[in-house]
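Down below is the structure, laid out as structure tokens.
Residue numbering begins at 1 within each chain, and the chains themselves are lettered A, B, C, D and E in the order written.
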Amino acid sequence: ANEESGSGDGSGLSGTIDGAGASSQEAAQQAWRAAFSEKNPDLTINYSPIGSGGGRERFVSGASDFGGTDAALEGDELSKAKERCGDLVELPVYVSPVAVSFNLEGVEKLNLRPATIAKIFNQQITEWNAPEIAEANPGVDLPDTPITPVNRSDESGTTENFTDYLSTAAPNAWPHEVSGDWPVPGGEAAKGTSGVKSAIDAGQGTIGYLDASQAGDLGQVAVGVGDEFVSYSPEAAAKVLEVSERKKDQGEHVFAYDLARDTTESGTYPIVLVSYGMACGNYEDAETGELVRSYFEYILSEEGQRKAADSAGSAPISQALREELRPAVEAIGANG
Amino acid sequence: MAKRIEVEDLDIYYGSFRAVRNVSMTIHPRAITALIGPSGCGKSTYLRALNRMHELIPAARVEGRVVMDEQDLYAPGVDPVDVRKHVGMVFQRPNPFPTMSVYENVAAGLRLNHKRIRKSELDGIVEESLRGANLWEEVKDRLGKPGSGLSGGQQQRLCIARAIAVKPDVLLMDEPCSALDPISTHAIEDLMAELKENYTIVIVTHNMQQAARVSNYTGFFNIGGTGEPGELVEIDETPTIFSTPTHTDTEEYISGRFG
Amino acid sequence: MSTPTKSRPAPPETDPPGDSTRLVRGSLPRRASWGALGAATLVAAVVAALTGFSVTLFVLLVVVLYTAGMYVWSRSAEGRRKAADRAFTSVVTSAFLIALTPLISVVITVISRGAERFDGKFFSYSMRGVVGDGGGAYHAITGTLITSGLATLMSVPIGLATAVYLVEYGRGRLAKSITFFVDVMTGIPSIVAGLFAYALFTLVFGAGTINGFAGAVALSVLMIPIVVRSSEEMIKLVPDDLREAAFALGTPKWKVILRVVLPTAVAGISTGVTLAIARVVGETAPLLIATGTTASTNFNPFSGQMATLSVFSYYEYASPGVPPEPYLARAWTAALTLMLIVMVLNLVARSISLFFAPKTRS
Amino acid sequence: MSSIGQDAVQGRRARKRPADQAFRGITTGAGVLILVVLAGVAAFLLIEAWPAFVAPAEEIPGEGGLVLYIWPLVFGTLLAAALALVLAAPLAVLIALFITHYAPRRLAQLLGYVIDLLAAVPSIIYGLWGFTVLAPATLTPTGWLAENLGFIPLFAGPASTTGRTMFTTALVLAVMILPIITAVIREAFLQTPKLYEEAALALGATRLEMIRTAVLPFGGSSILSGSMLGLGRALGETMAVAIVLSASGGITFNLISSGNPATIAANIALEFPESSGVAIDALIASGLVLFAITLVVNMIARAVINRRTDFSGAS
Amino acid sequence: MAKRIEVEDLDIYYGSFRAVRNVSMTIHPRAITALIGPSGCGKSTYLRALNRMHELIPAARVEGRVVMDEQDLYAPGVDPVDVRKHVGMVFQRPNPFPTMSVYENVAAGLRLNHKRIRKSELDGIVEESLRGANLWEEVKDRLGKPGSGLSGGQQQRLCIARAIAVKPDVLLMDEPCSALDPISTHAIEDLMAELKENYTIVIVTHNMQQAARVSNYTGFFNIGGTGEPGELVEIDETPTIFSTPTHTDTEEYISGRFG
């Protein structure tokens, strides 16, 4: 019923564009798509949250018009993407804090240093009343419940960002490689963000990492940054991108970042997931390029970022950064 | 209609097992030929060889000749489907098609064989066949009802009507009354007596009284023992077989000393 | 009635007296099983209450106590064989009841969670332009009907024809290998079917060909073996009697099959086909890959991605927005809708088979 | 009415009924098409998996090579499916008996229908149900097992606090395959010739004894083939396992802890979306292995059934 | 062994359909009672009522009394399983358990009844029963082979051996020879003649010659028409029935004027 009413006054853009990629962006994409097609009733935008890997693969092979990925294009894929696009455009579109959440009776908030977090998830600290935890949380009554770490069972960008954080911020306590696959066997594993959330909810003494927007009323970890403990918030998360460095020599319109997980900057929440949008300078069909460009323009508009923050809990990208990205957005579809 | 059949040196096999050996006989038109004999002696097998139903069983085959109208039914190039149109068959257990009405059952043979047939013509043939099978009066008010809703005897007559609707030359019946009660049996026997005016009829029966009552010719099959082939001991006019058979086996069987 | 017993010569000698037949043994009173069940329930309740109540424990206790109790009691009164018989009856019955519990639990779970969004809007709205609250699954319902419908259109003729081949023609190596590989095919994981369809369409129609038809092909790979199996069984059940009757009328084989065999088996075949549809209508993994998803209604299976109920339900559950509640509610209602579709399909199958079933009595 | 003689004259040439030939051709073609599709699936798997076979070990996820990558998955797949089968098969036999020989006939038909319904519940629903309802319900029993029977390796524990264990997964799979196995066995039991049942009863057998002498021996091969069908379904189940199982560990027989090996199908669903390059090839290689397992299972089943036929034969 | 059975006013129903009406007869011990009559008149139904096999059919029931040893078999509290141990049965089609060997087939009934039975004792009973069924010589070398590998006649005797191995008092046989060839039929008839020294035997047969040859008493059942119940027309010593029957129906049936 909703589709009959809107369409047909001929105003705005029309056509269909297909995107695919990171599931982390799905909620935000939903918001963007909804708002943008409200403005353009004859336009259909699809986004299949098939995952970053699939998203990159489809984008590179030309199977999708635009893509979403939690990890920036690299190596072989990067060159192939350039081959497809001529002028590759890759931009951060979605920044979201990753919460470390727990379920422990009587405790609602905990301070944990990076090394402690690493040891907990590496199954070296196994009881909630371990001295290392107690030391950072004076006055909190910690029970002797065993700790059940919960991780993602599926390969995921969240895991990749979280392990990246652990290995950067606590290199000594976290010997594992950075990967979208959880490297430590034997913990509780669950599929998807909602699986992790439910598993933390269901168990006792559980702790896990998940997209902060889904953390709900679980117990919250304030993460040690320098000498202070920072709880997640959109602003604290967005700050990371500002203190991070753009990767060099990737391409004129490729904005990939080496995130400064080990920052000591006050008020920064370092466990963030940055998800990129991928698009091309050249499209076989000029109209498609036009549509993708206007969609990306909307995504990176102030309104677009606010919509995502409202319905996906993401951290809006700052005005300054948006300005920096503008030329890249304008390059989409510009060459054909 | 009503053809004569000459069977010459027929051997019938199931794979390598020879079930019936070396049968020769003449089947007379406009007459009922009854085949009797103990169980397992190959009566059914033989009967089914007469319209090439036998070969539907995997690995089954025959050797010898079955000649009708100077044409060997087993000659190469003869289509068994055509043979069966000329030589119809009624089975031991009444088997009307369960998905069809009485009318459709009778019309089945025609519908399945002819592309187009006018409704009025078909109506005529159905009525005629049902009358021929002595069933018209009983079912004319429920031609649209399922055929399997009839009583056993009615079902069997329905099957006969179905068989004669395609106007065959010969009608084979394998123990057509053995699943029926005495009253239905009477009805079928009366019917056979009428049908033989127009058809060549071959009937297999376990019931010697029935053979004596209805048939003009009687053939006696016997078997040496388990695993041996059955064979035709003798065939003659019915009164002769029942009064003065040539073979002692026949006499013993008929007098009830075995079987 | 004649005189069944008139005077006759002295009958052959009778048995020596005393060798009497014992036909009546001790037996349990008629309400024994109810009594025993009551007692078992009571004891189980007490034990369960003492150890901290748990439904599972309670039910298991009732079953075990009742079975054992009946066995011991019956054994002392009626003997070993009768006792074993009674105990087995109780085992068989409880096995059945135990098997029913998950079904009931599944149904209750899905209904209670799916009821919230089970409203008119859910069945008339798509997700186009919807964020958070509201919206519906109209696009997914039509997508599911289209993909499963197409899959059925492809699978039923192929599956049925194969079944006909196996029963009516198949002998030798080819038939044997088809039978064997149809069994193997039933074991293809659904996700592999999806990957296969995706690869096939990429190969033939170029990269990114994701549409309803690709999904239908994937579903067909899963559906065909089920159709073959069930149709084969049903065609086998058609009595040879009927085939012979038709052959004896001078009917060529193909007409015998089309006009007599298949109509007689149609009731069973339709049940089998509906079960096969029911089996694939809820498939998620292959559609995820081959059909994709969209928020809008798409009636064209040959172009563009298409939403389906299972994929919709899965994504609403797997990547909800903020707050997640309306997304999860939609996920469960979509699951409920799927289950209803399956149930309706089953009812349809039953009516079809009642309607087509060979009539035995008028 | 044409005589057969004339028919035969026409027949001297091509008296092969074209319609018959065509019909036979079509049905045979359908059968062959199935083989082609299957060959297509196999070829697809082989071609796509090939790079993983030749890739250096460190490029395979886990960096231990293909065998080390797939072996735990094979183990998990077999463990979950076998457990499910062990739980479901005996229950299916009992249920089939209940429906065919114990329940009143009207009721039995209805019950058969209800059980059939179970078969059609989408697997995603089983996944959600297993996660939200069944898993929490197993906490008490698994806790008890870990505490009291922990010396048995199967129950070594520590018991999972969420219940999303191999044990729960096997239960879900068992529920999922139960209807299929039951349906096959039920049909077989219904078709036990009355002849043999009556023979047993006439000897003075109780119902149980009649079942033992006449029904079960007859159903033997069907119990096997039904179980194989169920096993095939359990081996290939994807979504339910992906949602329910906490797949985070290597090879272990411990059924009640958090650390469980994944199954092949579930692993594909879990890894495929975020994978690229050789990782995808490795996933498809694991799919190929699953395919091979299914093939072998079916072959074994056939062989066993065929070997039994000489003693269950002529009826 | 060998008990007398008094049947009093027996009505037998399939649901609401009364298949057999008001039968009273005495079945004498150490004698063969043959039941004859046209198809569908309820002979099998009646026979199966004698050892309570009838009630295995859903909704089937009986009214009346079947008294053996002053004990009504249908009295409340009587266990049908026990009844069947005393009144054994042999069926029309030989039905050895196909999954069992010859030996196991014969032992099947015993294995059910006795917890533990010594191998040597069982061996003895199996041999004795097979000898009793005139089969020992033919199968003693292949006791371990499947029972279904025997010929039809041997299978039927195997079924008789299986039935007598549990030492029943009464043996019911429903057309035991109708699926057999004449030689096997002879063997079974000889066997019946021997068995009647020890058992009460009731046999249903379609074959009047067989009834005349083997039985001491013959009962004739008839049926009014389709849907009517069958009833016992008369029962008497076999020579009397076949020479001077009281009823014209009997005479007509025996002389082959119908049936």
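Note that in this section contacts are C-beta pairs under 8 Å (C-beta built on N, C-alpha and C of every residue); 3 or more make two chains touch, one makes a residue touch a chain.
Bear in mind the structure is a predicted one, so any value in this text is a computation, not a measurement.
Engineer: Once the contact rule is applied, which chains count as partners of both chain C and chain E?
Structural biologist: Of all the chains present, those in contact with both chain C and chain E are B, D.
Engineer: From the Cα centroids, identify the chain that ends up most central relative to all protein Cα atoms.
Structural biologist: Answer for the innermost chain: C.
Engineer: Looking at C-alpha means, what's the farthest chain from chain E?
Structural biologist: Of all chains, A has its centre farthest from that of chain E.
Engineer: Which one of the chains is farthest from chain B, going by Cα centres?
Structural biologist: It is A whose centre lies farthest from that of chain B.
Engineer: Could you put a whole-Å number on the gap between the CA centroids of chain A and chain D?
Structural biologist: Here chain A and chain D have centroids separated by 39 Å.
Engineer: Just curious, how far off is chain E from chain A if you go by their C-alpha centres, in Å?
Structural biologist: 83
Engineer: Mind checking the centre-to-centre distance between chain B and chain E? Centres are C-alpha means, answer in whole Å.
Structural biologist: One centre to the other, that is 33 Å.
Engineer: Two-or-more-chain contact residues of chain E, please, as numbers and ranges.
Structural biologist: Chain E, residues with two or more chain partners: 81-82, 112-113.
Engineer: Would you pick out the residues of chain A that each touch at least 2 other chains?
Structural biologist: Residue numbers touching two or more other chains: 23, 50, 191, 195.
Engineer: Two or more other chains in contact with one residue: find those residues in chain C.
Structural biologist: 81-82, 252, 255, 289, 317, in rising order.
Engineer: Going by the contact rule set out above, which residues of chain B touch chain E in the complex?
Structural biologist: The touching residues are 38-41, 151-153, 178-186, 206-210, 212-213, 222-223, 225-227, 253, 255-259.
Engineer: How about chain E: which of its residues touch chain D in the complex?
Structural biologist: 51, 53, 56, 58, 81-82, 84-85, 88-89, 91, 93, 95, 97-100, 108-109, 112-113, 146, 148-149, 159, 162-163, 166
Engineer: Under the touch definition given earlier, write down the residues of chain D that touch chain A in their complex.
Structural biologist: Listed in rising order, the residues of chain D that touch chain A are 61, 131-132, 135-136, 158, 160-164, 242-243, 245-250, 257-259, 262, 269-277, 279-280.
Engineer: Quick one: in the complex, what on chain D touches chain E?
Structural biologist: 105, 193, 195-196, 198-206, 209, 213-214, 217-218, 220, 310-315
Engineer: Report the residues of chain C in contact with chain B in the complex, numbered from low to high.
Structural biologist: 171, 239, 241-252, 255-256, 259-260, 263-264, 266, 356, 358-362
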